[in-house]
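Each of the two complexes below includes subunit A, the first together with subunit B, the second together with subunit C.
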Partner chain A sequence: MALYADSLALNLLRKNFNISNDDNKPIIALAGNPNTGKSTIFNGLTGLRQHTGNWPGKTVGRAEGYFKYKEEEFLIIDLPGTYSLLANSTEELIARDFICFARPDLTLVVADATNLERNLNLVLQVLELSTNTILVLNLLDEARRKGIKIDVKKLEACLQVPVIPAVAREGLGLEEIKKTCYQISKEKIKIKGFKITYSREIEEKIEELIPLLKRKLPFLQKRINWRWLALRLLEGDKTILASINTYYPIYQERVNIFQKGEVQLDGFNQVWLK
Partner chain B sequence: MLLSDLKIQEKAEIKAIRVSGRQGRRLLDLGFIPGTIIKAIRKSPLGDPVAYRIKGTVLALRKEETDLIEIRRIE
Partner chain C sequence: MGLTRSGLNKENINMDNYITKRGKLDYFLPPDIQEEIRAQIVGDIYQEAEKIANKVLISPGEESALENRLDDLLTSRWLGFPLMLFLLAFIFWITIVGANLPSEILASGLFWLEGKISLFFYWLQAPGWLHGILVHGIYRTMAWVISVMFPPMAIFFPLFTLLEDLGYLPRLAFNLDNLFKRAGSHGKQALTMSMGFGCNAAGVISTRIIDSPREKLIAIITNNFVPCNGRFPTLIILASIFMHASFNNTYNSLLAAAVVVAFVLLGIIITLAVSWALSRTLLKGIPSTFTLELPPYRKPQIGRILLRSFLDRTLFVLSRAVLVAAPAGAMIWILANTGFNGSNFIQHLAVFLDPFARLIGLDGFILLAFILGLPANEIVIPILLMGYLSSGLMMEPESLDSLQRILIANGWTWVTALATMLFSLLHFPCGTTLLSIKKETGGLKWPLFTFFLTTAIAISVNFLLVQFLKIFL
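Moving on, here comes the complex of A and B:
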C-alpha cells in the first residue's frame, strides 16, 4: 500500500493524463497491437460505463471506463494500439508515457493468438517496463480454425505472468480477466514477470548506470524502473528525458543538465561516468 | 538486393537492416528482422508506399525505408 503523500503526488501526476482518481481505484492500462480485439475487450469489461475523448494535447482518441468485480471497482484506460513501446510514433509515446509515468497498477496486454510471435514483442517490452502484467490471448477461435494450438500453461511459465485465453467477441475470458485483476489487486497473486537478460557488455553498462541515475535523478526514486530507464538511455532514446521534463517539470533544470551532454544522442557516454 | 527492388507478388528473405538507432529499431519492432520471409503484396496508386506481408500482418513501407532493407529473393 502506497504512502498517503505518495498517492497524492501520483494522483496529481495522473491528472496530466486527464485521469481523475481521487478515490484511488486500481488503474488498469489496456495495451496491444492494432486489431487484437482491445476495443472488444474494453467494451465487454466496461459495458456502458465508459466515455471517450482524446489524449490531452493529442488528436489520438482514447476510451476509459469502469468495471467491478466483487466489491472492487477498477478504472481501465484503453491505450492506442501499437507494435512497440519505444516512442517511435505519437501512439507509442502515449502508451509508453502512460505506463511509465501514470504507473497503472496493472497492464493488460491483448495478443492475437493467430500471430503470437509478432505480438510477443510488445508483451516483452511492457514486461520490461512494468512487472504487473497480464497477457490476454485473444482470437483463440481464429487460432483454432487455423489449426494453431497454444500451450497456455507453458506460456505462463515462460513469461511468468498470468495468461488468459479469450474469445472476446463471444465474451469468453472476460470473467477470468476481471477475477485475475481482482486477485492481483488483493495481492492474492504475485506476478514475477520474465525479464530479458542482455549480453554481458550491456548488463555491465546497466549496472554502472543505475547508481548514477539514482544519484542524478533522486526525485524518481520509487517512481521509475531504473533498469528500464538505463536501457532507454543506452539506446540513445532522448524522448524519455523530454518526458521526464514534462511530468516532473519542477526538476527541469536537472534533466536539462543531462541533455546538454552528460547523456548523448548515440547512447551511453563514457564521459558521463567520470 | 534491396527490398525496394522486390516486385509485387515476389517473396524474399530479409538479410540485414542497413540503419541503426531509432529508425533501425522501428523496423525491427515492425517485424523486419533478418531471417524473416516477406512478400510484396501491392503498390499504392502512386507507387509508394508498398504493402508487404510480414509475420502475419500487412504493413506499408515507404521507399526511404525499403532502401534500407537488404534481402535475398526467393524463387
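Moving on, here comes the complex of A and C:
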C-alpha cells in the first residue's frame, strides 16, 4: 500500500515535467554531451513513436517516445545535451532536475568514444544521482578510424554499470540497449554503480552535513540522494533549493519544521527561500 | 586551485548554521569557500574521469598529438597572449601594406568616371543644384567610401575569416576566459566579444549564449568597446596615414600595424575594466562557470572563405556604408551649400561644436561626423571628408595620400589622429547596435545606459589624454 502511494506521488510529481504515465511504464532518461549521437540513438530506439515539444516553462526543446522489448514498453525522454549536471545553464538545470526529481527508472548516458575522458565527466555526475545507469559508448567507428581502442570490459568494471558499444548511425548496439533496459527493469541485472570519492576535506563535510539534512528535511527521505544534496549545499548551489520547493510544495512534514504560527500556508515558498 | 585545508579549518563552520532557527535552509559557508569547494568538486570529478580513461584506453589514437601540441602552444599561459597579438598584428600589417595601391587605382577610376558624369549633366543642361546634390553630394561620397574602405576590407576580412575557419577564435576565447572570470563576468563573454570584432550588433545578439541575466547585460554593455568591421577600416586608415610621418619607410607599415593592435588591446582592456566595475557596482554577482569546447582544427576551404568573406562581410559592410552614406552625402551637400551670415550650416554646426571638441582632441567637423555617423560607423570618415571639402577645399581625392593632404590641410596632427581613433573605439554604439540592445534587453533603459556610459568614457579618456599630452608637448 505504501508502495502504491509512493508511485502515485511520483506520478504526480512527474506531471510537473509534462509526463503522463498512468500505466506505469518504466521511464528512461537519455543523457549525454552534445554531438555524441544522442538524437540518433533516440530516433533509432523509438522509430516513429515519438513526439516533440518544449520543457514546461522553458524554450528548450524536448522529445519523448516509446519502444518495446518483449512485452515491456518503455517511455524514453531525451534530455538536453550537456557537459555536466552542475546547473550552470538552463539545459543543465533541466537535465539535473529531471534525473533528480522525476527519478527515471533508468538513465542512458551516451558517450563519444573518440573523447572518452571528457564524456566521463558527465557519466560520473549522472552516476552520483542515479544508480540504474547504462553507458552507451557511441561513435565507435570513428574512434576505430582514429586508432582509439577502449577496453569495454574494464570500463564496465570501473564504473560498475553495463557499457554498450554502439555505432548508432548504422543501428549497431540498439538491440543490446533495449535488451539491457529490459533486463534491468525485470531486475535480472543488479547495478551497483560507482560513486566518486572526493578529497578528504569535502568527504568530512559531507559526513557532517548528512545527518543534519536528514533531521531537518525528513520528507526528502528516499526521494533524494543525501550525499548529492550535501555536495550541492556545500558548493552553495542555489538552484537546488529552488527546485526542491518547486517539486515538493505541499509536504506536510516540511511545515513541521517551521515553528508554530510563524508560517502561513500562502507563500511559504518565499519564507523557505527568504 | 586546491581546497586549502587551512581555509576550511580557519572558518570552523558550525553545520547547524546551514539551517537557521526559523527552519530556513541557508547558505552559511562564505562565498569564497563555497567557490573553493566547487572548484575542488569539479577538479575531483575531472581527476576521476582522467584516471578511468587512462585505465581503459588501450590506445589513445595517434592523430591528436600534433593538435594537442598546437593547442598547448596557442593556449599556453605565457605564449598564448603574445601569439594572439602577433597574429593580429600580422593581419593588420598585410592589410595596411596591401591596401594602398588598389585604393589609388579605384580612386582614380571612380573620379575619372565623375568627370564623365559631370559632362553628361552639362550636356543635359541640368540645373546646378541637381548636379551638386547628385554628383558632388551622393556620387563623391560613395566614391570615397568605396575607394578608401573597399581595399582594406577586401584584404582584412578574408584573413580574419581564415582565422575563424582554422578554429582559432575558440582558442582566443579560451585565453581570455580567465581574465573575464576575474573581472566578475562570464567566460563566454570572450566569445561574444570576439563576435563584436566582426559586428557589434551581431556581438550583442550572440550574448544569448550567456544564461545569467547579469552576465549577459555586462557582455551587452561592453561589447561596443572592441572595434567592429565598420571601425576597423577607420582605425587602419588613420593609423597608416598618421603613424607614417614620424618614421622612415621601413618601419611605417609595421608601426601602423602595431598601433592598430594597440587599439585592439586597449579595447579589450577597457572591456575588462568596465566589466569589472559593473560587476562590483550596478550588476553585482559571482561569475558562473562553463565548459568551452575546443573544436578540432579544420582545413580551411579557401574558395569558401573568399566567397563568404566577400559576400557576407565586405559587400555587407560596404553596401551598408554606401546606402547610409549616399543620403548623408546629399544632406551634407545641402547643408554645405545653404546657410546664413556668409557661412554654410556645416560650418555653423562645426563652429558650434568646436570649443567642446577641442577639449577632447577633436575638432568640430570630426565630432559632427561622429554624431551624423550614428546610423553606421562606416560613414564617419566619408562624412568628415564631406565636411572638410564643403568648406571650400574642393579636392579631387586620389588615394590615401590625398586623404592625408586634406586632413593635414585641416590642421590634423598625430594627436588629432590618435584622439579620433580613440573616440572611434570608445564612443556610442551605432544605431543598429543600439536597436539590437533594445531588442535583447526589452526596453529603452539599457540602450540608453550603454549610450551614455560609452560616451562618458570616450569623453573622459579623450580629455585626459589630450590634457596629458598638452603637458608634455
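Here is the rule we use: the second predicted complex is superposed on the first by the 248 of 274 C-alpha atoms of A that agree within 3 Å, B and C clash if a C-alpha of one lies under 4 Å from a C-alpha of the other, contacts with A are read in each partner's own complex, and residues count from 1 in each chain.
Quick note on the criterion: contacts are C-beta pairs under 8 Å (C-beta built on N, C-alpha and C of every residue); 3 or more make two chains touch, one makes a residue touch a chain.
Since the structure is predicted, the reported quantities are computational estimates derived from the model, not experimental observations.
Novice: Put the two structures on top of each other at subunit A: do subunit B and subunit C fit, or clash?
Specialist: With subunit A as the common anchor, subunit B and subunit C collide in the superposed model.
Novice: Should A:K68 be classified as contacting the first partner (subunit B), the second (subunit C), both, or neither?
Specialist: Neither partner.
Novice: For subunit A, which side has the bigger count of touched residues, subunit B or subunit C?
Specialist: In the superposed model, C touches more residues of subunit A.
Novice: Between subunit B and subunit C, whom does A:N121 touch in the aligned arrangement: first, second, both, or neither?
Specialist: Touch partners of A:N121: subunit B and subunit C.
Novice: Could you tell me if A:K25 is touching subunit B, subunit C, both of them or neither one (first, second, both, neither)?
Specialist: neither
Novice: Applying the touch criterion given at the start, work out whether A:L241 contacts subunit B, subunit C, both or neither, answering first, second, both or neither.
Specialist: The answer is second: A:L241 touches subunit C but not subunit B.
Novice: Once the shared chain is lined up, is A:K146 touching subunit B (first), subunit C (second), both, or neither of them?
Specialist: second
Novice: First (subunit B), second (subunit C), both or neither: which does A:R223 touch?
Specialist: neither
Novice: Of the two partner chains, subunit B (first) and subunit C (second), which one does A:L86 touch, if any: first, second, both, or neither?
Specialist: In the superposition, A:L86 contacts both subunit B and subunit C.
Novice: Of the candidate stretches 4-12, 22-30, 58-66 or 76-84, which in subunit C collides with subunit B after aligning the structures?
Specialist: 76-84
Novice: Where on subunit A do the contacts with subunit B and the contacts with subunit C coincide?
Specialist: Of subunit A, residues 83-84, 86, 88, 114, 117-118, 121, 235-236 contact subunit B in one complex and subunit C in the other.
Novice: Help me check something: in the complex, which residues belonging to subunit A touch subunit B?
Specialist: Those in contact with subunit B are residues 83-84, 86, 88, 112, 114-115, 117-118, 121, 235-237, 266.
Novice: Show me the residue ranges of subunit C that touch subunit A in the complex, using the header's touch definition.
Specialist: It comes out as residues 3, 5, 8, 13, 15-16, 18-19, 21-25, 27, 29, 31, 34-35, 37-38, 40-42, 44-46, 48-50, 52-53, 55-64, 211, 288-291, 293.
Novice: Considering the complex alone, what residue numbers of subunit A touch subunit C?
Specialist: 83-84, 86, 88-90, 114, 116-118, 120-121, 123-125, 143, 146-152, 154-155, 158-159, 196, 198-199, 201-202, 205, 208-209, 212, 216-217, 231, 233-236, 238, 241, 257-259, 262, 271-274
Novice: Which residues of subunit B touch subunit A in their complex?
Specialist: 21-22, 25-26, 29-31, 55-57
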